[in-house]
Each structure stands twice: as structure tokens, then as C-alpha cells.
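Down below are the structures I want you to see.
In the two complexes that follow, chain A is the common piece, with chain B as its partner first and chain C second.
What follows is the complex of A and B.
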């Protein structure tokens, strides 16, 4: 007998059961799709960071920087060059072109190391227009669109540029940023001649920052991508549940075939190889479909992810996806791995099967008493481990470890709990039909339990993530009300205008709150230091978490500063700690405020303390306190008097609206992934029910024969499905809440640096419950129609046929 | 030697972008372009020292060009080159990065087996490169030509010359044994029949001691060196595409500077015979005749590396031979520059520069 005959015999099973085939391929494809889609989004984002970092030469070369983020005198650069060091100067800063804020990076193309070249030195025209007045901005296509009408400077578009940044000649950067003779860093080329005087002697005040394997952005956004990966993995696991149960069933149903083939002389190894080849074929087909669906999912998700990254981290990611060959490979790899994982148990069972063993599809998957006990023990161990991790482990990965153990443990516990519940209900009931109902449900449980576990995971993730997002939103909006206390925000276009504005406003409004800030480096981190005036607005509204008595007096006197929550947690600061803000500026931490949505550390100091050390700081922006009914008048007189463009005058409501929009956009991706996962779980339940319905005739026929109509049988089927759904949903709620707590109190703190209070939103549960209910009804619909339409002769056959 | 310099990458840029024309019609390295806005050399202007040792930012291009024929105690021959080029994007000077002046340095050491080359490029205005007339100093990065003379004395009479790159370096002490020599008509050096010209003077009488550091060894050397100073705004005619330039130390103590600028016809030659006590005798155009003797494949092109050089009116007839055929300057704009020896009616050593191949 040839191997082809064997293969044909084995494959004929799928021909007779196309639904099973569909379930295997679809489950595998969906699992692969969600996984590779998320991977694709991550890879695209990381590629964007790498491009940005390469273009901004952040990660390839060492730099000389000044401690505390001060500027470096240009003379230091000249001294180093004249000592033979191959170094190149950089002057960076933020500059506003109309409403667009750009990171302006001033470089010197003649000394720039080749690795980081933004300007092609061999292209004479390009070089010349770059260094000659008035100068050229090298920007990304998107940025070029944004600033085209805001500047007279020539623009050159480069695909290598990240959005929101511009390369300019260092001379132009000096003029734009008004920092003549200053540098922000000095790039050290890799090629240096031997025998140089050490940098420590030539520039003792500067530090060498070695090239880091990770760019700042990559570091900052790591938690976000870990988050996405976790979600992708969850979806993958849910998809595998489908594949596992379907393949298991298919193996069991084909036992007679296996037995016949073995009796005809097919060796065990030939059989195993044929089955493996079959599985491999499925994996390839499903993997290909999965990668394509994954690509579609990724292109749907990517704009949302880009918006999130922009909103949360200020990281710019291109919204277009490129199909990389490594996805195909990783997609196939994960599909094959998934298939093997889900079929290994069935294969092993096949290897141990006695040649003449009878097939028992009925008892397939019915976990033995020991099996169930083992599940409960494993669940207890996993739950214990997650508790231990919460208590004793630190870090983001530990946070995800807690989530993983919790979810897996709870889902392993589910069959035992449901079985207990059904047994209990069976004991309570008295009528024969009712008792049969519960007993039959219990009998059905093993076949459904994997699908129900998948459902539990999906529902719990929905409840958990939903609660987290909603809690965050509520807190965020409350926080916005505190934080944006001024009624009107106005920005002057230049310093003389700002002077006139201040003088003019003095008589028109209750108070003028200057918004001044400088970039600094504190404890090795890029930070912002804000200066605030002593004003009741801050005393009454500023969202403080931990404070010292007389906190605002201490800030006003210059003795104390406030730090934001993320910096406070990251550095494990305590109230009363001394903080080095600059080499000649130490201050006491007197309070901590919440600062959501800001990836960076921030410090608030008294305005005098700040401006005495940074007299050059720009004072263009102001918050204005006015009576609400005067806002409109003030607005129009501001634009009449000063000719300020509308973008420069923003009222509180508009600002809040904008922040809220950014927030909502930020969590769109999470919502989308939630829905995908729930969809996969619903599919798992649907396919399980469908397959069970094929096998349930022997159970139903006797009941029918005893006089229960097919209509009533169908109703009982619906009822049973709903009971199982409801029980699973009930189990998902507490699990989801624990999940939310872990997300808020552990994962968020690690990922973003802030801890949020948990709020409970029962209304959202009702909505989720209704969605789940609808899915349940749909999932039971097809099997039910089949039952309702079953000819009595089919039911009668059960008694005639020997299985 | 000299117009050579030219090599300047910048010059090309300047022209291509300022005039919007394409380079081919403008001679080698754009040196044939018009001098709009820049000063133009005029005959009859006397040199003013030490001021003229410094930079002339109103002229488009300028160089401080030094070549040295060196010898180790064991008789091994070496050549060393140190050049600082200035090229202006616009006339005049500004402080800081807005300076329109660009600077380029070339350094090379030639042995019979190797030719080491390095290049430095810098903006003016911030002090990374520049020239000060008194006390004399010319520098780019850590390469330096430093005058050691007291104020009032000839600022170029005593120089310390240093350059260090990844593979090689040198430190040479130069002391002049003769006077500065104006080239052409009292320093007004005509470059074509159409009248293109530059200001040009030389110090061909340096005695050199110093040391070379090479990848495999450090060598103490002595020898002779020649400094060319030249500035202009448009030294070449548009159809001139390159040149051969000879600076020769005759064993008699006399010196000879001669060049031929190639064009579509016969070319334009010019030479100055310098007596052993430093008196220049400018020779009329056409007095110098040069004929290639042998070519070699250098950097993928055929280059005549050995020449027959004749000045019939002086009974001068020699054949030159390079220390190293492969003395190729692989810089932004590449050219051939290396030490030579010559024999014939008189023998001696010198330097040859060839561009536009």
C-alpha cells in the first residue's frame, strides 16, 4: 500500500467533515493573524524608531554632552578639533514654525561623520544651499506639508527624516534658536587618529555618552510594545484552543481509520509521518492565510498605534506598513509551532494506541478524575505564583507574568468550577427532564470546556482592560479640570510682543500665569523644569498627590520644587530629598503631582528660581484667569489689539476637548484588539458547539423517543448554552476586576510611571454581557437549526445503528 | 607649483551652484569660472609682507602649498606635502558659522612603496581653520604651519610644520636659506593667453630637518622644501582642463618653476628660472617644453609619470622620474602629486603635480 493511499484515506475524513476542517484552518489562521499582526505593528514602529534614531544620530556614535543639559561653548569644539579629535558640533532645540513645533537639529556637514550624514557632501549644490544663507531645512514629506506656508526658508524633503524634526545648518540653528556660539552636543566619530590627548583633559566639564543599543524612543515605548505583544499572545492562545480541541476530536473520530490502516500493514511510523505531513500542510495553508489577515489587521491597527505612540510618547511612526519577508517566515513558524503544540497530545496518544482499540469519540476529551485533579492543582499553583509575583517581584515583565499566571490559572480552574456548579444544580432539581438537563450539560462540558476557557480569557480581558481604560479616562478628565485651571491660554510670537502683552493684560485679567520651561538633564534623564508664579490658582487646583506642609510657600521661596509622579516613582524619591537641578542649583522635593500622558520627568520650581538661572528662557506663553463671561471679549480684543492668529489663543474648553480626543484615540487600539480576541473566542465556542451537535444524537434520540418534541429539545439546547455562557461570564467578572487591578496598580506604574485609582463601571459589564449573549445565540443557531430540521428517521436510526 | 591646489572640492561646488552652469566648460575643479563680486588680480601691485602671508578673503581661492624632498640617513628618499586651501562662497569674512570661507587641508607622505594621503575640511569663522599673518600661523584642525620668527622679521623664514592622520604623520622644521621669490611679472602670474592671472610668490629655499612617522617605522629626515603662495579669483581660462606643474631644486642651487596648462590646442606654458641667490628670471610663454616619456596605470587611468622637460634657451634638458608612480591624491578632487628626481643636462630633485587626468 503506497503512502498516497494512506494519505488519501486519512484526508478523506476532512472531506466528510468540512466544518471541522474549516475550524482547524480558521482557528490556526486567526491565531497566526493576530499574533503576526501585532508583531508587524511592533516591527513597523521599531523600524520607525530606528530610522529616526539613525537620522538623528542618536544611537550609533558616542557624544560629548554637558551634565545637567547645559549648552557647550563652541570654543570647546574648536579646541577638540585643534587637538586632532574628529568631532562634529550639534545645536538642537525646539522651534515653532507658525503652529508647528519642530525639533531643529543644527549640524555642520563638513565635519559630520559619514555614518550620520544628512547632507550629501559630494553633491556640491546640495551642500552649498545647505550651508549658505538663508539656508535649507531638511524635513520629512509630512513635516514639509505642515510648515510649507509657515516659513520662507527653502525646504528639502527626505524620506529618511522622522516627522517633526528638521536638519539645518548649524549657523541657521544658531539664528533660529538665538543661541549664538552654543552647542548642545558634540558627536565623536568612530575614526580617530592615534595618540590623541584624552577628552577628559581637553574638555573636563563634559561627559561622554556612549552609543546606546536602544534609542530613547525605543526605551520609552518598550512597555507599550510589550503590552501589544501580550495582547497578541493572548489572542494566539485563544486561537490555539480552537485548534487543540478540533484536532483532538478529528484524531479520535479517525481511530477506526487508523485501526483499519494498521491492520492492513501500515507501520506506526508511516501513519505518524502521514499525520504530521497533514498537520504541516494545514499549518502552511493556515499560516499563509494568517499572515495575509495579519497584514490587514496590522494596517487597520497601525494608524491607531501611531496615534497612541504620538499621544503618549511623542514618537512619530509612519502610518504605512511594508510587507517584510521576515513576517512570512515568522507567520509560518508560529503556525507550525501552534499546530504542533495543539496536536502533540493527540499524536502521543496515537503512538501508544493498541492496534485494535475501539474508537471512543464520545469520551474524547472527557477528562478523567485524575486529569481534572491535575488541572485544579496546576491552577492553584499558577494563582499562587501570580500572588507571589505581586508581593515580591518588580518590573514590567513581572507585571505581565502576574497577568499570565492569573489568566491561565483561572481558566484551568474553570472546568472544575463549572462542573461543580452543574453537579450542584443537578442535586437541587427534582423533575426528570430538569435533572437530565443538568446532567446532560455536565456530560457536554468536557467537549466545550476548552472553548469556554477561551471565552473566559476573552471576557476577562475585556472587563479588565475596559475597567482600566475607563478608570484612566475618569481620572484623566478630573485631572484635566484641575490642571487646566486658567480660562484662556495665549502665546505671543516674539519677546517684544510678549512684553507688550504682559503690560496690556495686567489691568484686564485677574491674574497672568507665565508658562516658562527649560530643558534640563536631571539624574541622567531628559527633563523639563517649569517655573510657576505664586498664585492662588496653583494653590487651589494643582493636582498634588503627596505634599509637605506649606508646599506652595516653599516653592515660591525657591527652596523647594515639585516633581511629577513618574519621576518620583522612577527615582524612588521621598519628600524632603535633595535634588540637583544644575551644578549650582539644589532644591528640596516638597511635593509630587500627577502628570498623566507625559513620558518624561518634570520639575516645577518657583519662577524666580528658574529665571535667575536661565535669564534667556522664552516667556511667550501665558495662562490667563478671567471671569467666564469675559472670555469671549478678551479673546476678540486680544486678536484686535495684537493681531494674534487664532491658533495662538486657546480657551480652556478647547484645550480639554483636544486632550480628551488624544486620550480616546490613544486607546482605540486596545479596544480593537479586545474585540478581535472576543471574536476569536466566540468562534471557538461556535465551532465546539457545532462539532458537539454532530455527536449528540445518541444522547438526544432517547429523550426524543420518550416524548420530548424536537422543538422543546431545541429550546433546551439554547437554554443549556445560555447557562454555560452565563456561568462563564459570571466567572469572568471577578477575574476581569483582578486583571484591572493588576493593570492599574502594577503594569501601569511600571509602564508609564503613574498609579491610577480603580473605578467600577457596571454599565459596561451589561453592555459586554449583551454582546456576549448575542454571540451565544448566534453560535447556537446553526447547530440548532440542524437539530430542529432533523428527520425523525435520523433519530430512529440511532437505535438501529451500532456505532 | 600651485594652481594646483585647486583640487578644491569647494571650488566646484561654488561654481556649479552660483552660476547654475555645468562644470565641464569651466576647467578643472571649476577654476575657470567668472569672478563676479570677487577681487581680480591686477598687474603692478607690489606684495605687502607680512600681510600678504595671511588670507585674502575678497579673492575666491588661495593656498599655502608646501612640498619637501626628504632623505633618511641611509639615503632612502621620501616626499612630504602640506597644503591649506581657502575657498570663498562669497567675498569677505563674517564672524561665526556665517563665514563664507571654506578651508581644506591635504597632507601626504610618499615613499618608494607607499603614498599616504589625508584630507581635512572645515568652515571658516569659528577658528577651526585659518591663517594669521603675524605671528604667522596657518592651520586646519591639528595640522599646523607655525612661524617661529620674531615680529618684524620675515614671518616665513622659520616654520614648524605638523600633520597627523590615522596612518602617518610628520613634524618638519623649515628654515629659509634664501629670499621670497615673486613669480611671473613681479608676482602677477599669467595663466592663459586670454589674460587670466593670479598673485603668486614662492619660498623655494627651505632646508628641512624633522621626522616622519609611518605605520612601520619612524624616520629622521633632512632635505629641501618649497612653499608656494597663490591667490586669485579666476586663475584658469574656461577651456583649460588641467596642468602639469614642476618645482625643481637643481643640484647647482638654482631652482626652476614651470607649468603647462592644457587646453584644446597647444597649451599654455610658463616658467621662472631662479638663481641660486634667489633672483627670478621669468621666461616667456612657450619657453618651456614638456613631453611625456612613460605612462603608468594609476587609480584606473593612464598617467604620464615621467617627463622630458626642456628649456632650449637655457640649454636645460632633463628627464624626470617619480619616486613612486602611484603618488595619487585620493582626495575630494583627486590629482597626482609626488616627489621626482631628474637627470640630464643637470640633475636634482623636485615635485610634480598633475591634474585633470
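What follows is the complex of A and C.
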């Protein structure tokens, strides 16, 4: 009964202050929503990788693989079957169907373990059509759409198939990939007869790869998901700032109530339990709202995330979001945790409050000198730590550690910096109103500092990530100009057509640049080796970063190869290092080139060096150098002469446009999260201003009484808000630039393997500044309207002795 | 400053309905007069003071200050009147918490365009807060805060000083000291003083007393 009475007294506070209640619930709901939304997106993507890995790689089973990624002779498989082992062969590689490049997985349906089966063996018709010539491709609906006009092979659509891959019979895979008698891996079924001769004896050159809980794709995309999690956490923290400041204010305002309740015999534990119950109630309501908003956010983000993952890693994310029970649970858990984190300080203060403590609320958020000094010291320590991590630590997690320390340290430093700035301005001013303006702004600072810290984080993240993305875009576009030097790209549909095409083109264009490549495994990594002809196009345009003298002569002679930047960094290669490209092929690294957007390592060799080792390599695609005014004619001639579909003849401009579109789509998610975070920060400032406006009367009324009009006071309020926003924006710029530098020079290098030059984009800052300004005006609008609309009688209450 | 109030009426809408606070007040104050406004709680003392200060507008009647009806002034006109002609002292002091003592004392004088550092320092010394100039209001005792509030009012050399229970929050000894100072300084600057008080002892020390009862002069 006591608890209910106490709870009713405590809850009455919120009834009289619905705005505060709204701020707590909204802040908590948004924090929960952004965090759980991002987690849901991550979980969905990971589930998709797991589905793809289980379907395509059979990664739930053990495999036999070659230690250096070389092919396995088919004879090994035959030997194992004869010895009684229940194993199944797999041959896979990349194959181009016209313009679409697919991962072709050749399987043997009769021996493939049932649990990973792509073909229903009980359906004789299906099985027969799969294994009989000319063969069938099992693909996803999207992939089927892409290759329908590019192949004569039969297509069977399966919803279980990830995009960009095709199951085929192993015989067909041998023909398509031109790898007769070779295998990529051998799947080992779970059920084996006892007493078999050990695998080590039967296949001593092979290794057993145990079932893996984490797919390669999951590993590859880890950095992206870590990035997304970091953004989610940032937004969560910004949301919690709202909750922290609102709960702190509510506790301060209820000090008289607490004292009265204690004086009336309510025990400290009963009071604490009531407050905890109240907080738990908020967490439940906000958690439910947060999960629903998070679901909507995740639904909005998922297509963008899928596009990003496809653009950056070639990972296909399928599946739809569903509100799973574990999602509800984690949403509530995060809401409860967030509430407790935000209120622990206030609760502890209450526990230490003596019964006869002054009932007057203290100035909200006023921290003692010691507290402020501690904050500055903590900021200095965090900034020092981030510097130390840059200098002495490696790895992606260290990179995110740098970002975390930097952002937290800078935000802790902000109130002291703003206070210093306002004090300085106050000292500079002499007029009464101007002096009061600066002094009053400084006095508002404790109440606004958390919101301004949130704003700083959001603005710095916008500047930093914006600079990173724009630097990347600028570099990428310059790089595309170098990389896509040929005016026209043409793809034949088969080798005879390619032979005819080459002969026909010989007299029609300035030069023909074959685009030939093979898959390989170099230093344990899946790689592509490209072969290039010796042509001025490469000498003049190719985006080389580090080179040896006479680099192109060395490549043309077959003595040297070029490697892409990500492989170079990952393997810590140096110019002059020897690289094993195959068992009989060694070459010297003579140069490094930038290769943005490619998750895999890549090597460029002379075309003769490549084709002599891989005579069967596909030669379907060509870059053509022609005069720009001849492009249209050549295009139509190619179409007339060979009947090539439009997708097989792509001009440079279209290709660049397509690449730019993919690039922009790739960073849609980042942009969306940036906007969300800025929105939450603006909301934090708005709610702080709104709550401060409730306490402004005693501060403004004396100034009004001394002859400053309400209109002037309102204008000064706008100006004060704008000054604080502007000062925070000014602080966010250098912080954002440092953030961009860390992203470009540390995180990107660790995550993707390439380092980009940093460019400055002042126009983007102006645009962000204007957005921030608009948000500032919006955030001050309601508190201001409230002030401007105040009746003198309201102001007079401040002076009334008999209220 | 000469003040003439004619048939002054003021009412407020409350939850219980319309409340007539002032019901036809007529009052004259001569330049340099000091007048105590007394009466029971709710008799309309503070409302009358607020009307004379230009903080609020009457429903009817005239407030002639120096020959000008300030009830006819618009918002900015009344703000200018408060800024340049009136000094207010409140029971709650209402100092500006973000400014130190020196800035608080100089604040109104600067607004009125009569900033005089020598006079402000002299006032601070006479009020006994000369050693506290760099402190902030929250670091002062209530007596010290009220002295600063009086200093702020008198530093602007207003023609009219309006005080609402200026010693209501002070103990007797402090209250007497503060009142002595206020009276002597007001006399020294030639200001007219209208003071709301519950205290008969305090009222006795002023030139004249006006007693309000139910919104009328008794």
C-alpha cells in the first residue's frame, strides 16, 4: 500500500510535466530503435551469409582442400570412393555469361550428402535433366533474369539460391571452366563407415578443413558490420544523452517531494524501489516503441545495406525482416540497460541524500569545479589514448578504439571549451545586455552540455564520414577515368564469336585490349590474375601507386607483375618481392595499383605469361580504343555484324555512370545513419531547450523588469541558441576532419586494404552548417514561442511574494 | 518624481472566477516622498506596485508619472520607462545569477545609460559589499544579496524606487540595516520611494503610510 501511495506521488510529477515524460520515452525509444534496428540489419545479413554458405559452400561439413589452393586431381576423389569414403567432388570458379559474372559450382548430385543437396534426387526427371547434356543451371530468380538472354543452357529457378551463383553438374562445370579432371574441394559426409583407411594416407597432399561456424563472407564483411554497429552505438549514446539529462532534471525537480516523503516516514529503500519501478515502466513502454521503430528503420536500411554489401563485397543479402521474439527481448533489455545507465547517477545521489537535505532543486546539471576538472582530465586521457593507439596499435578494432576515444574525449572536452569561449566573450563585452547575454549563455551551459555533446558527436560524424565518402568519391571518379580508358567494351557470347570479333576489329579500331583473367589462390587467398597486352593505354592511364623503373616493360616481358593495393598491404609486400602465382610460375612484384571497391586480391601479368600457363582461358571480353566520334558507328556496326545484344556493347560513359551509381548506392546507408544521428542530436537539443525554458522565467523576469522587452528577450534567446550551435559546429569541424583522417588512414586501410587521399569539401560544411542552423531554429522555435507568448502576469509571478 | 494614480482598477481571472484586486485607487506622491503601502495578504499591494512599475497594465484608470500616463504606453514604451525611470527591489532579490556582484550592481545603470563606476563603487562600499564584487549571487548570504539588489536599483539613479517587501527575507537586524541604507540612499538621490510592507515598524519609518483593504485605500 505504501509503495502505491509513494508511486502515485512520484508519478504525479510526470502528469504535470508531459513534455519531460515525452522526452524520456522518446529518447529511450529512439536509442533502442537505432541500436536494435542496426542489430537487426546485421543479424539478417549474417543469417543470409550463413544460408548462402550452407547452400553454396556446404560449410557445415568437413572438406578436403589443397593447402595452396591448387586444383585437386579427380583421381584423388576416385581413390577415396574406392576406399569406401562417402565423399563428393566440387569444382567451382567464376564464369562469365555475357556481361554477367557468376560463381559456378559444379556438384555431383549422386554422391553429394543429402543435407546440402541442391537437386532433389527423388525427382528422377529433375535429376536427369540436371546431369544430362547440355545441362541445367540452378540459379536464383534475380540471377535467372540477368542471364536469360546470355546462355542457351536450361535454367531452373530456386528461391533457396543466393544471387550471383549457379549450381551445375560437375561435368558441365568442367566444360565451362575448362578444367577437365580438376576439383576445387571434396566434401566429406558426416556418416562414414567404420574402419576406413585414414584420409591422411589416401590423400596425403590434402588438408581437412573442419566445418566452419563463420563463412568467408561473414569474415570478409566483419568490418562493415562493425562499422554499422559503431554507428548504431553512436546513435544509441546520443539518444541516451536525452534520457540522462531529462531524468537528471526530473530527479532534481522532485527533491522537495523526496524530502517530504522521507519526512513522512517512507524508507529510502521504498523510495528507491518506487523510482526503479517507475524507470522500469518507462523502459518497457519505450522498449516496445523502440523495437517497432527499430523494425521500421531496419526495413528502411536493409535494401541500402544489401546494396552496400553487394557493392563492396559482392555479398548477396536476401531475406525479409520479421519481428522475432529474441528481437523483442533484446530491445527491452537494451531499453532497461539504457534507462539504468542514464539514471544510475541520479539514483546514487538520492541514496546519499540526507533526510534534511535542502529541498530546493539545485541548478540543473551544475557540476562542481572538481567534476568539471575531472571531465577535462578524462578527456585529456582519452585523447592521449587515441593518439597512442594510432601510433602503436594495429587492426580494425584498434581503429575503432581510436575513433571511440577521440569522439568521447572531444565531447567531454566540449563543455569546458564552450565555457572558456563564453567567458572570454563576456570579458570582451562592455554593454549590460551583451555582458548578460554571454554570462547567461554560460549559465545555460550545464543544462545544455549533454545535448551539445550529442550534437558535437553527430556533427563530427557527419563531417568525418562525409569527408571520407566525398574523398573516396573524388578519388574513385579520378580512378575510373584512369581505369576505364577504353572508349568501348564488348563481350562475345562464345569463343568462336570472340575469334571472329578479334579478326573483324583488327582493322576497325586503334587498339584492342583483351580482358582475360583466371581465378587463383595466392598465399592462401582467392585471387584473380589478369593478363594485359603491352599497349600505351596502360602505360599512360593505369593508376599505379608504387612502381619499379621500366615497370610496363617488365610486365610485358613476363618477368614482373603488378598487384592491387589491398593485396599489397594485406601481405605487406615490397617492390621486388617474388610471388608464387602457380607451381610453375614465379614473378617479381614490380608495381602496385589502386583497385577500389574490389574485396579480392588481384594480380596483373603480361598476357603471354598468363595464356602460356592457362591456354584455355576465356577471351570473350575486349576494351576498344577508338576516336570518340567513331563510337556510335562502331557500336551499330558491331550490333549489325554480330547481332550482339545491347548489354554486350557498353561505352565508357555508360560504364562510368553505372560505376558511379553503384558507388553512390553503396554509401546510402551511411548517409541515412548520419541523418538519423543528427536528427536524434537535434531532438536532444530541442528537448533540453524545452525543459530549460520551463526554468527560464526566474532568470529572464528580472531582466524584463529592468526594461528589456519580451521581443528583445526572445531574440536574444534565438541568438544564444544559434551561438551555442555555431560554437559546437565550429568545434565539430576539426574533430570531423580528424575523424575523416582516422577513417581514411586507419580504418579503411584495415577494413578494405586501400588508403585514400583526404580532400576537403568546404561547400559540404556550409550545407551541413545550414542544415544545423535550420535544426537550431526549429529546436528553439517552440521554447521561444512559449516565451514570446508569455503574459506579463506569468512573469510577475516570479516577483510575487504571495503566490 | 510626482505620481498620480486615478481610479485604478485591476482584476484577474482565476479558477474561482473573476477576482477584483484593485477597485478604484486614487493616490498622489510628491517628489522625494517615501510611502509605505500596507495591508493584509491579497489586499492588492503588490499588484498596485506592479502597475506603477509598468510591469502590468490596469483594466481602467490612469497612472500619471511625471505628467505622463504610463498605462497608455505600449510594451516597448513601458520597457523604456522601467529601464530609465524606475528602480525595483524585490523580496526574492532577483539578482542575475550569471553575473558577479559588480556586474549585477552596474547592470541596470548600464541599461539606463547612466553607468558610473565611481558611484557604483561608492554604493558597494556603503552597502558593505565592496569586498564581494567578484562573487556570484549564489555565494552570498541573503542579507548580502539584498544589499546588492538595492545597490543595483540605486546605481541607476531612478526617479522612482519601488520596493516589494525588501526586508521580508531578512532577519530583524539585517532588515533594519538594509532599510536604513535604502532610505538614506534614496533620500540622497532624491528618489521617490513606494514600499510594500507587512511590517508596521518598518512602515512607521517612512514619511507616509497608505493602507489597502480589499483593493481600496482604507
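Please note the rule applied: the second predicted complex is superposed on the first by the 708 of 803 C-alpha atoms of A that agree within 3 Å, B and C clash if a C-alpha of one lies under 4 Å from a C-alpha of the other, contacts with A are read in each partner's own complex, and residues count from 1 in each chain.
FYI, contacts are C-beta pairs under 8 Å (C-beta built on N, C-alpha and C of every residue); 3 or more make two chains touch, one makes a residue touch a chain.
Source: prediction; values computed, not measured.
In the overlay built on the shared chain, the residue A:134 is in contact with neither chain B nor chain C. Once the two complexes are laid over each other on the shared chain, residue contacts for A:171 go to chain B alone; chain C is not touched. Of the two partner chains, chain B is the only one touched by A:125; chain C is not. When the two complexes are overlaid on their common chain A, residue A:699 makes contact with chain C while staying clear of chain B. In the complex of the two chains, the chain A residues touching chain B come out as 74-75, 77-78, 81-84, 108, 110-111, 122, 124-125, 127-129, 131-133, 169-171, 174, 180-181, 191-195.
The part of chain A that touches chain C in the complex is made up of residues 363, 431-433, 435-436, 439-440, 442-443, 698-699, 701-712, 792-793, 795-796, 798-802.
For chain C in complex with chain A, the residues that touch the partner chain are 12, 41-42, 46, 50, 53, 55-57, 75-76, 79-84, 86, 88, 90-92, 94-99, 103, 106-112, 115, 138, 164-165, 168. Every residue of chain B that touches chain A in the complex is listed here, in rising order: 9, 12-14, 16-18, 89-90, 96-98, 100, 102, 121-123, 126-128, 139, 141-142, 164-166, 169, 332.
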